[in-house]
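In what follows, subunit A forms one complex with subunit B and a second complex with subunit C.
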Partner chain A sequence: MSDSPQPDLVAPPSRRRAFGQFWRSAPTSFKAGTIVLLIHVLVAATGPFWAPFGAGEMRTGVPLSGVSWLHPFGVDQLGRDVFSRVVHGGHIVILLSLSGTLLGLVIGAVVGLLSGYWGGWVDELLQRLLEAMISIPFLVLALLAVITAGPQLSGSPVMVALVVAFVYAPRIARMARAAALDIVTRDYVLVARLRGESAWSIMRRELLPNASGVLLVEFALRAGYAPVLIGSLGFLGFGMKPPTPEWGLMIADNRQLIFASPITVLGPGLMLATLVVGLNLFTEGLARILGRSTRPVAR
Partner chain B sequence: MNAPDPPPPLLSVVGLDLAYRHGESWRRILHGVSFDILPGEVFGLVGESGSGKSTVAYQLLGYRHPNARIEGGAVQFRGRDLLHIERRELNDLRGDRIALVPQNPTTALSPAMRVSRQIAEVLRWHGAVLDSAAAQRRVQELLDEVGLPGSAARRYPHQLSGGQQQRVCIAMALACRPDLLVLDEPTTGLDVTTQDQIIRLLADLRSRLGMSMLYVTHDLGVLAEIADRVGVLYAGHLIETAPAATLFHRPGHPYTRGLIASRPQIDPARAVAGERLRGLLRRDQLPPGCPFAPRCDFAEPSCSVNSQRLERIEPRHWVACQRWRELPEPVAQPQQRSGVLRDDGSGPLLTLERVTLGYGGHRRHGLPPVVQDLTITVGRSEIVALVGESGSGKSTVARAISGLLAPLAGSIGFAGELLAGNLRRRNPRLRRLIQFIFQNPDASLNPRARVGEIVGRPLQLFFRPGRAELRRRTLQALDDVRLGPDYLARFPDQLSGGERQRVAIARALACEPELLLCDEVLSALDVSVQAEVLDLLGRLRRERGLAMLFITHDLAVVRALADRVGVLYRGQLMQLSSVAATFCAPFHPYTLSLLLAVPGARPPGAPALPPAAHAPGSYAGCAFAGRCPLQQGSLCETTPPPWREAGPDLAIRCHIPLPELAQLAAAPGAMIPTEAP
Partner chain C sequence: MIAMRLITGRLFFSLFTLVLVSALIFIAIEIVPGDVASRILGRDATPALLASVRERMHLDVPPVERYFNWLGNIAFHADFGRALTSDQPVGQIIAPKVLNTLKLAAVAFLLYLPLALIPAALQALHRERPLDHGLSVINLVLLSIPDFLLGTILMILFVVNWQWFPAIAGLRDTASLGQFLWAVTLPALTLAITMAVYASRMLRDNLIEVLDAEYIRMAELKGLSRLAVLLRHALPNSLIPTLNVTALNLAYIIGGVVIVERLFTYPGFGSLMIDSLQLQDAPLVEATVLISAAIYIGANLLADIGAILLNPRLRRAS
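For the complex of A and B:
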């Protein structure tokens, strides 16, 4: 029962209407996630211009004075306005998460797809290596990487992004390999091999486009956890260095005084939580949309 | 409605309208479909893919698809409307009074359950047996009924062949002795000989049990064998119903005429006159009137406006065509065949010399190779067909020629050069000159690449043209398969099955090959689309002198296209002959069994062939021993048969002397069935 759709024969719907149709049929989780993310991105992009105080500005109010209209997230022990710092730090968290995950995705996808395509002992070797890396807990692996890099690099944003990529790449590679194992059995890969295409070319032309759905979902999923990882690094003192207004770092700074002023910890925590929840809702919705639109291939 | 005689119908479909969700709107799939099935009658429903025939079949089971909406009509069965009864009532009916035999037994059977448990489950659900001992007895009876050994009960589905799995599905359907059996393409995907056995089994069961059946298929030949009455479905409209014999001899509707004429015929003398179908069923371009009008050779302007109703043109023969009275007599169309192109003295293009092929596992387990000592040549611009059942090794041969599988012994030569067994060691020129076309275009086209990229990539790789040149040559390759420039930007899922296969052919043509390896390129396509691709391949050979190794199980296609035919059985070449010699005596016994198994081709009264044996007794003698109806005692089992040349056009590997084989063909009734070991 295949009614071949002929989109070119139907009058092309205007872009706006097409979007409206897409939005109406999107899952609720996707809509909610998108809205939360949009607010976060908006705040991160414009925040530095309208934040009531500077990121490092001291003596903005009475330290640890709690919630007020002027200081919605309170004032920390150095007299800095926590809300302003959170707003100033937004773009740092978002940029670091995305760049780190993106780097992990590129490395993971290339390694995983090629491993799945080659098969045999190369695949075996790579997989055992990846398994070994995955078996080490998240944070231990991250700390290992930070320590290996040495003290002069520690605290630089590049280092943090690299650590995120290093932690994620093996996990993404496994997903990519699983996808590749299925795709390499298709005849179009065989056709490419018969033509004499190189492994790289087959990976790029045949495997990658067909694994893109899986990889996109994996990317979004990992990007959702990245703020937590970066926050944890900051909390443990291996991430960004103070006085950077990075959220995890802020939580760590203020945690001893949580009983004196809970809001100075809860504020950044709330932002981190909404970002992660937003990303996860968005991801889950995206996975459902992609799962829906991948058309089954008859065999 | 078309039964003037007393017996009230067992089941009536009345004016069934059904729509599927299509984006945010609903698209009408069935338009007022009405037919009756009488007690004990086999009603065949035939149509192209997308005609809605399976949808009709599932409505007889009251299947409520979440994306479907009944817009009108009823399915009356024993005074109840199956479309509107309670779910619980429906569950009691399904499997008990109305049972389904699905299309694909491999996915219909649970891989984790033994056969006996799957059948007993049906029995227990409907309370047909009291205890498990009775259930086991009943399972044995059922297996016996469908011609399976009792030991099959303990097997898992994957331990059975496709034909045996379908028998299990039939046994499950029969378990509660239903009044109506709904068969949804039950033999599609089976070998021609296996299909023949399943159809015989169904005909036999029907005569013994007196069941009614709805048989849904795209293959008219099958219906000629089994159906009493046939309904033709087109785009959700029932356009003709008639007794089977009437339909084949005096089809009333232009579509039915086209459908019958589009079937490649084994015997040209019996070819049915008529115009082949052209174009494709396009659901999005249906006129408000007759749905077939855009493809009809006899359509007049009012056809697309007037909605057509079934009219009685003779007793029990109804046609929905306003022009049925004025249709001209069908004109016989000569089968297009180019003469056999003889060698021009430069020697054959492809030579296989005593090639033996096998996979790693085969040797380790001491199994015989998949293909043994195969010697065959393909001349320049010659089409050689390799026929055989699945498992005969015919696709393995194509894999070896393409360089995917290195031969264990023997050599493959191409245009005087020795081909390296491994693809990596062949130079780009050889990789370009030999092109492979696969069975299923859905799988051989990258779903995420546009047609332009799919066809353009080999050009880029082999010829390194500039941008303008690349575009010109891509368009040229598409034009060769009659696809226009507007296809460049499409994705494969925006094409029909036939268009997809043509894109796959264009991709091969872009390489400017000399040899095409065609592996079952037609079997995944609809009848009318098959005819179209077949014409295309024939034209390419005439115009470009392309040579082809054409692998197929369909003898009718062979007859329409090939110059020479090799018949392969379990990896051994049984017969090699010109196409003319293939279809007349003397035959190899296996060739004859293939010919007799083609639906609609068997002369009346011809006996059944023994079922396909799964493992021969020994590998020492003839591979066909054990299944051969003419086996010569132990000789066939112990001694390899000789390769006998019976003239320039025919060679047969058999112990039986050629004159005797010739006699056998003259009277196929002489073939006495023997029990399979």
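For the complex of A and C:
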């Protein structure tokens, strides 16, 4: 007998050590992505307390005066400090992206899994409908949804999150259905059905846990593109309304004056790009951990 | 013939999807709050005037009937109705804009091919070496930059800094080829880069997979140069899986042109769509959205047909 301890006598690794092991063995892209995202979340959560100026505070410096220690991202045409605005906008961009994607995931997963479980003509009908929705290009569908929502809701954060969910849900539903089609052939689903469980309960207790890997990657993938979609809407004037410090909107506003002050565009652009880089790295690493391949998100 | 049967199946399927899309668009526009007649006439319209406008535009007809009239006119007469704001036939407004966008897309596509192929080939040949990793990082960064930001950065570089190109890509009918290219390069480059980063990533993985195959080893053992192996043997075989990405990219172009044309104030289909949405010009919105969906469906159909035709198993089964 060797002197190594019996397996059942080994204390389960402490949570901290388990995390340490997981972290060491995680792919580089996962680590890099996590770090970038943590920084972004930290800035977004605490930024409003330490930003040198308010989000709408005017006359903080000479308009369009360029980069200085006091104004690292310059000053916009109304004399607002772009760095402070960018920092104030962080939580808006992150919360909108996450809530919109999460809502789209919930709706898409429920519809997709149930559709795959039911099969038959309900499935057929739903799939044709989803196919039609997916056929309208991404951004065009979002724009159509915005004008359908009407002028009362325009510019409200709830509407923007709903539009993100509305655009994502059909695409996520298609993924979830594909996963469900594979899972429903398993014996445990048959057993659950024979036990007399309802479709909803089978979906929740048998399909959902087994599709969670696919759905998690899908969520991360979609969340990575959500800031771009929200930014694009803001950029085109169909998303958040001024003076909200949403990054896409700021890029659109300050773009008019790039001849005088390019930095006021590059500041919010840097934040948006690093957030998306972080999300993309995180997703790639996550997919590798879960043993799935990522594909670029269909825009 | 199996291939033929598959293709006709796909064709019917696409047509059906398109009809379903048209219904969705029509319903969406119906839901838009506010009455079209009062939107045209403004707040001070008299009831009599409102009624006459409604009658002229057939708004008094029930929606279902209106939908079938609209669809029938498009399907049989290629008639999309008249725009609310300018009272011109929608077809006449759209046609020149579509032409402009096609020109833009053609230039973008020409730039896209080398931008996608060259990095992918370099990466596949130098796999897991510094060049591959370096290009992967660049690819990831470009993948994460939204198109409106990428366009703005290109603008800052080439317009503000070096003043090589104009900031506004306005087109005149009398523009010579040189003037056209001068105006169109930056928007086309923006589109090309955003498309190429997706395709290049896919193509690299496909190329690496193909380069591991036996027949590549065979070609290498015959003494062919690396470049010859790549061009003659690997590339053709890795193009088929990339076909779908290219179809996807064609579809992306429609969303992309909306952003890029707005960014460079290029008078194309995307600008028209945004304008019509902002003015809530229902017939114009319906037409532009339907056309964009049709392009998406058409691109996917072509990719499917291409895959069917390129699949030797299906070809031989005839």
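One rule holds in what follows: the second predicted complex is superposed on the first by the 281 of 299 C-alpha atoms of A that agree within 3 Å, B and C clash if a C-alpha of one lies under 4 Å from a C-alpha of the other, contacts with A are read in each partner's own complex, and residues count from 1 in each chain.
Everything below uses one rule, namely that a contact is a pair of C-beta atoms (placed from the backbone, for glycine too) under 8 Å apart; a residue touches a chain by one contact, two chains touch by 3 or more.
This one's a predicted model, so the numbers in the text were calculated from it and none came from an experiment.
Enquirer: Under the stated touch criterion, which partner chain does A:Leu143 make contact with: subunit B (first), subunit C (second), both, or neither?
Expert: second
Enquirer: Applying the touch criterion given at the start, work out whether A:Gly66 contacts subunit B, subunit C, both or neither, answering first, second, both or neither.
Expert: A:Gly66 sits against neither subunit B nor subunit C.
Enquirer: In the three-chain superposition, say which chain, subunit B or subunit C, touches more residues of subunit A.
Expert: C
Enquirer: Kindly classify A:Ser212 by the partners it touches after superposition: subunit B alone (first), subunit C alone (second), both, or neither?
Expert: First partner only.
Enquirer: Is A:Gly54 touching anything from subunit B or subunit C once the two structures are fitted on A? First, second, both or neither.
Expert: After superposing on A, A:Gly54 lies clear of both subunit B and subunit C.
Enquirer: With both complexes overlaid on chain A, does A:Arg193 touch subunit B (first), subunit C (second), both or neither?
Expert: first
Enquirer: Once chain A of both complexes is superposed, is A:Pro27 in touch with subunit B (first), subunit C (second), both, or neither?
Expert: neither
Enquirer: Go through the superposed model and pick first if A:Pro157 touches only subunit B, second if only subunit C, both, or neither.
Expert: Once the two structures are laid over each other on A, A:Pro157 reaches no partner at all.
Enquirer: Residues on subunit A in contact with subunit B in one complex and with subunit C in the other?
Expert: 295, 298-299
Enquirer: Which of the residues in subunit A end up touching subunit B in this complex?
Expert: That would be residues 1-10, 21, 25, 186-188, 190-197, 205-206, 209-210, 212, 295, 297-299 of subunit A.
Enquirer: Along subunit A, where are the residues that touch subunit C in the complex?
Expert: Residue list for subunit A touching subunit C: 128-129, 131-133, 135-140, 143-148, 150-152, 224, 228, 231-232, 235-238, 248, 251-252, 255, 258-259, 262, 265-266, 269, 272-273, 276-277, 279-281, 295-296, 298-299.
Enquirer: Tell me, which parts of subunit C touch subunit A in their complex?
Expert: 16-18, 20-21, 23-25, 28-29, 31-34, 140-141, 143-149, 152-153, 155-156, 160, 167, 198, 201-202, 245, 248, 251-252, 254-255, 258-259, 262-263, 273-274, 277-278, 280, 285, 289, 292-293, 296-297
Enquirer: Taking the complex as given, what residues does subunit B use to touch subunit A?
Expert: Residues in contact with subunit A: 23-24, 27, 49-50, 52, 54-55, 282-285, 402-404, 423, 426, 428, 431, 435-436, 438, 440, 442-449, 457-458, 461-462, 486, 490, 493-497, 507, 511.
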